[in-house]
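Take a look at this one; I'll ask things after.
Labels run A, B and C following the written order; every chain starts at residue 1.
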Amino acid sequence: MSAQPELVSVTVDGREIQVPKGTGMIETAAAAGVEIPVFCYEPRLGPPIGACRMCLCEVEGMPKLQAACTLTAQEGMALKTAQTSPKAAEGQHAMLEFILLNHPLDCPDCDKGGECPLQDLTFRFGPGNTRMQFPKRTFDKPVPISPLIALDRERCILCYRCTRFSENVSEDGQLVAVNRGAQSLIATFEDEPYRAHFSGNVLELCPVGALTSTTYRFRARPWEIQNVPTVCGLCPVGCNVWATTREGRVARVLSRNHPEVHEGWLCDKGRFAHDHLAAPDRIRAPLLRVRRRGFEEVSPERALDEAARGLREADGPVVVAFSGAETVEQADALARIAVAGAGGWSALLPDDWDPSLEAFRAPLSDIRDADVCLVLGDHPVEERAPIVDLWLRAARRGGAEVITVGPSGSVRAAPGSAAPTCAALRAGKGLPRELRETSRALRQAKRIALVWSEDDPTGGGHVGALADELRGRAKADVAVYALPRTPNGRGVAAAWHAGGGVVAGELPEEIGALVVAGDEAAHDPRVLELAGRARFVLAFAMFQSEVTSWSHVVLPATSYLEREGTFVNLEGRHQRLRRAVVPAGPDELELLAGLGERLGVQLDPWAAPSAEGQARLAPPHEFAWSRPDPQPPTARSAAPGLELVRYRPLFSGAAVERVPQLQFQRPAPEIELAHEDAVTRGIANEETVVVTSNGTSKELRARISRRLRAGVVRVAEEHARGLEDHVQVTK
Amino acid sequence: MALRELLLEHADARDLTRLSEYEAVGGYASLRKAVGMERQAVLDELLAANVRGRGGAGFPMGRKASFLPQPGDTPNPIYLVANADESEPGTFKDREIMLRIPHMFVEGVVIAGYTIGASYAFIYLRGEYLTEFEVLTAALEEARKARLVGKDVLGSGWGLTVVVHRGAGAYICGEETALLDSLEGRRGQPRTKPPFPAISGLYASPTLINNVETLATVPKILELGGARYAQLGVENSAGTRVFSLSGNVVRGGNYELEMGTTLRELVHDIGGGIPDGRELKAIIPGGSSVPVLSADEVDTPLDFDAMAEAGTMLGSGGVIVIDDRCCMVQLGLRVAQFYMHESCGKCTPCREGTRWMVQLLRRIEDGEASQGELDVLLNACDRILGNCLCPLGDAAAMPVASYVAKFREEYQRHIDEGGCPFGGESSLDRVLAPVDQHHGRVRGEIEVPTHA
Amino acid sequence: MAELYDEIQAVAAQYPSRRSAVMPALRLAQERHGGWLPAEAFREVAEALELTPAYCQAVASFYDMYHLEPVGRHMVEICTNVSCALVGAQQVLEAFERELEVSAGETTADGEVTLRTVECAGGCGWGTVVAVDHRYREPVRPEDVPGIVKELRGA
């Protein structure tokens, strides 16, 4: 990007305006205060296609009307829109008439009614006069193209926004236009469901009521709703959203474009998982374990007294198991409560953070502008921080070299290679052949983006060290994006350390009390094991789990849509959660304050973190632990059989499990198998195979991949339970 | 007789599909000459020849070639694309060239490739042309063996890889930017211009696109020299063209004529006139997408300017002769059906407008149209004209509007008499567009599949 | 016989970008699947070119020469565009419909012959043009039709 863009002056409907040369004409006109109607134009979908022709304008010196969306500002250009040019107005009427030739006039019972660009334009720029006493195109309507999305082809105006999203943004290549000319229509392959991480975005892209949400259809009318600006709390990206609420319930989630974070895209988890708030099995009142008779609902006061007593009397250390979904304020409060308790304390943190990474902090949008992106780790980026995958694709489309080092990467590395690869690239010499190209690319790059998608105890120390090296040697500007496992894992870690908490290196044998903070922790097998060892267990949870059944006191927890507070996303960006709806049970924050009070800790978890609180969070130096020197871990044990890689699917967890329409997005019981390994075993794609590792054996469907490294198999966590690191696969 | 064979010279006497035969009449001498010249010098000859494109638009070839950046000035490779998608109704000249003088076409491709410094040339060949594909690939193979094509052409150190890419049945892929998308493995839909292919074409690289006949002319230009070539024909229409003559005429076929020859000479002297003692009613001079000429305009010369004056175009040189048995409403309906069937579906006015035109024309032909509807039809054409993403919409609107303009009373009679005055005797009676293969569509009508 | 996958790789190697090979790949797949493209064919082409089946179907459905429904062993295609129509394409079509006892767009009961009408085939001067198994017959008159059909039945 050039430093100072040259300014040119353009006149739009007689108004002169100065804009940078090459600015799109739609934006230029807008800057001049003139709105040009568009349907197909949407800059986030790539170059303009000039298909709908709604933006026809007159340009001085050009005989024909021009599609304004395809023009860019040039010095002296004079544009006349429908507002001042009769010719342009006639052109616009013509386009509206053509569109309405086949568009049903069913606005009253259309979900888009009231927020439909076509409806607005027909009112404002019509008359799309009615000279068409002809049969309109007819289709079955609406047809579900997935459990989440319904398509009404009669309403489709073929602006190709949805298909361009599928082809050029998410690159899932599943939603396409088939046939030609007047026969063209939007479809999926053989009517299979549109199953992709980002499918829901087409709902917001569709300018008419052709694509509507099955979870929102007919739920509310635009004038009955309220939109609350907040942040998605389901992954470490932290997309900005509007929570549309109606009668105290979240009816839908729409995106609120933050150009540096997510460019307005949302994944389907963030968009559709909100229905779990209203799940019937949600814990609404405090529960107290009573001898033999299991649990009984008690008043908050009673529950808090019991909880406080349990913590006070716990002889032995207090351990807090975090979910990484707590706000910074919650984590801070829990830290202080733990510290106040007797007998030492420690925590189980889902994520940790190496302060050295702070030096390589950059907005996610910088990935798009990098010329080399290096992705390291065994965990698929799109499963852990989906939006990051979109930025990487944007970078590739922009000509960047995107190198992925992993079991199915462009460099097909063995599992666990991320750290050794960093070390090797730092050393620079004695590189294995497959890394030489990578090393060369990194040395020549001017702008480098490093993405770390690995669980490691050093909190990204390895990639931090590589970044140091590259910046020092190659004089490149380097950005590092280490992907935490959990939405606010980074903020929680910071708060805990700031609060003076220590991290459990070795967890104590004897545990006085265990505090389970939220459902993620409650579903973690390690926590279950701790619960078995703790004398007293206090759990905050939205839903029942094995861990809650082990607890002595269970306090109802809240979701990110029900809280005020601060999240720190993977960039280190502090974002504010706003309460969209009030929680079903007693307020979690009040409960925390009450607990603190009983333990003599002054807490105000509602307050936005005070200046000094923020400072304590501000890395790096206040961090309470030292940067570990990244030693490449010793490679995994070489045992016979295929090496199993587990991954945590995006569509998993307590929230997803409670939204019926999202079930189809969860990974099928499949095992991803390298083509070579399938051939040697005579296994065909989609064939059922038996997977065994000493003792346990299960049946899974084979998914054969030509990208996966030979000798490696990949299975989603939830289908890999009981399997060890090496497995046998047979027909 | 005004036949003037330049390209097709010797083609009757000898089997010019064979390299030896072609070389025996001086074949590939122009290429030898060219690779010995500076690239700019070759371009100068093309500019001097003032040869205009034979594909339809008639843009001067030399000028177009000069828009491309110099090989040194662009990081991307430079591509040459030969447009052999010939699909304009009434046009079948490129086929004749590829079947009978394939080597001349290949020679033209290689010279053009040399001129712009390309290392890759694609020939986008109409999918239906199977025999043509075989003849062309055989000729290319011969040329390759003789080091006339491929790595290191004639030891010049410069090489050109030529790939024949077969289409699969889509008229729109003849439009240059749609062709490029198709060649890139997409649905063949036109792109917005600018950027023009010369700057950003195939794989976003500088690309020169020319028609088969245009390229086949190049060797002759180098043989004669640009200046002498420019003498042929008339002003602004230099050289000869292979005209395709079809319809109600005794001797249909391809005839190479100097431009400026009149339609009368082509239709009556060369083509043997109208059969069965019928009367000439109308002539479509440049493929079905151009406005029609009435019988009394038969003396119009076949050159760009004269046709423009007559309010029509030379287009692709497909001359369709229509006698007095033809109902002009049926003609309009059939032509509109073709363009509706071939509309790519990307832009609104073409996709919706062509379909509406067919509906209106069907009502007029069936005598169901009410008085105002003839003007609705004209207005629909008018609303398509100039408003589409590519010229296909115009290709449907222009001719139909001209039929109404020149034969208005015949259209009016359909409405007044509540039916076709030909009463089933028209030569086009009952002729309808192809059944849509993809959805077993009812002939001529649109019935869109339910896709539940 | 070489694997379709490998054949496609060979074709793809001709192009600077693999995606460009989708049309020839679909053509190869169609030949292997009896002249049309079932769902399986799209999956095979998609895998070979690292595209999606939906993408391949979107491309195929745009072009008239890829068949999305089964076709006969033989293909008879009659041009019914203007030039051919002016000289009797409709009568030729009707002759074929009589002889084959199907109407345009259909395949004979025995699955032998598919009858299609097509747009301008590019032989206008010698109309009516009929492509029999993709080889042009120019011109064809109604009286030639029985012979052609006999020939097909015999073949």
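Structural remarks
Going forward, contacts are C-beta pairs under 8 Å (C-beta built on N, C-alpha and C of every residue); 3 or more make two chains touch, one makes a residue touch a chain.
The model shown is predicted, which means the values in this text are computed figures rather than measured ones.
Comparing mean CA positions across the assembly, the chain most remote from chain C is A.
By number of C-beta pairs in contact, chains B-C lead all other pairings.
Between the CA-based centres of chain B and chain C the separation comes to 23 Å, rounded to the whole angstrom. As a whole-number value, the distance joining the C-alpha centres of chain A and chain B reads 51 Å.
With centres taken as mean Cα positions, chain C sits 46 Å from chain A. Shared interface positions of chain B, defined as residues touching 2 or more other chains, are 170, 187, 341-342, 344, 436, 438, 441.
Taken residue by residue, chain A touches two or more other chains at 177, 179-180, 187, whereas all remaining positions touch fewer. Looking at chain C, residues 58, 61-62 sit in touch with two or more other chains. Only residues 77, 86-92, 95, 120, 126-131, 163, 165-171, 182-188, 203, 244-248, 252-254, 284, 288, 318, 320, 322-323, 326, 331, 334-335, 338, 341-342, 344, 427-438, 440-441, 443 of chain B touch chain C when the two sit together in their complex.
Within the complex formed with chain B, the residues of chain A that make contact are 48-54, 56, 63-65, 67, 70, 90-91, 94-95, 97-99, 101-102, 131-132, 134-135, 137-140, 143, 153, 157-158, 160, 177, 179-185, 187, 191. Of all the residues in chain C, the ones that touch chain A in their complex are 39, 42, 47, 51-55, 57-58, 61-62. The touching residues of chain C, when paired with chain B in their complex, are 14-17, 19-24, 26-27, 49, 58-59, 61-69, 80-83, 85-90, 104-105, 116-127, 131, 134-136.
Those residues of chain A lying in contact with chain C across their complex are 167, 172-180, 187-190, 706.
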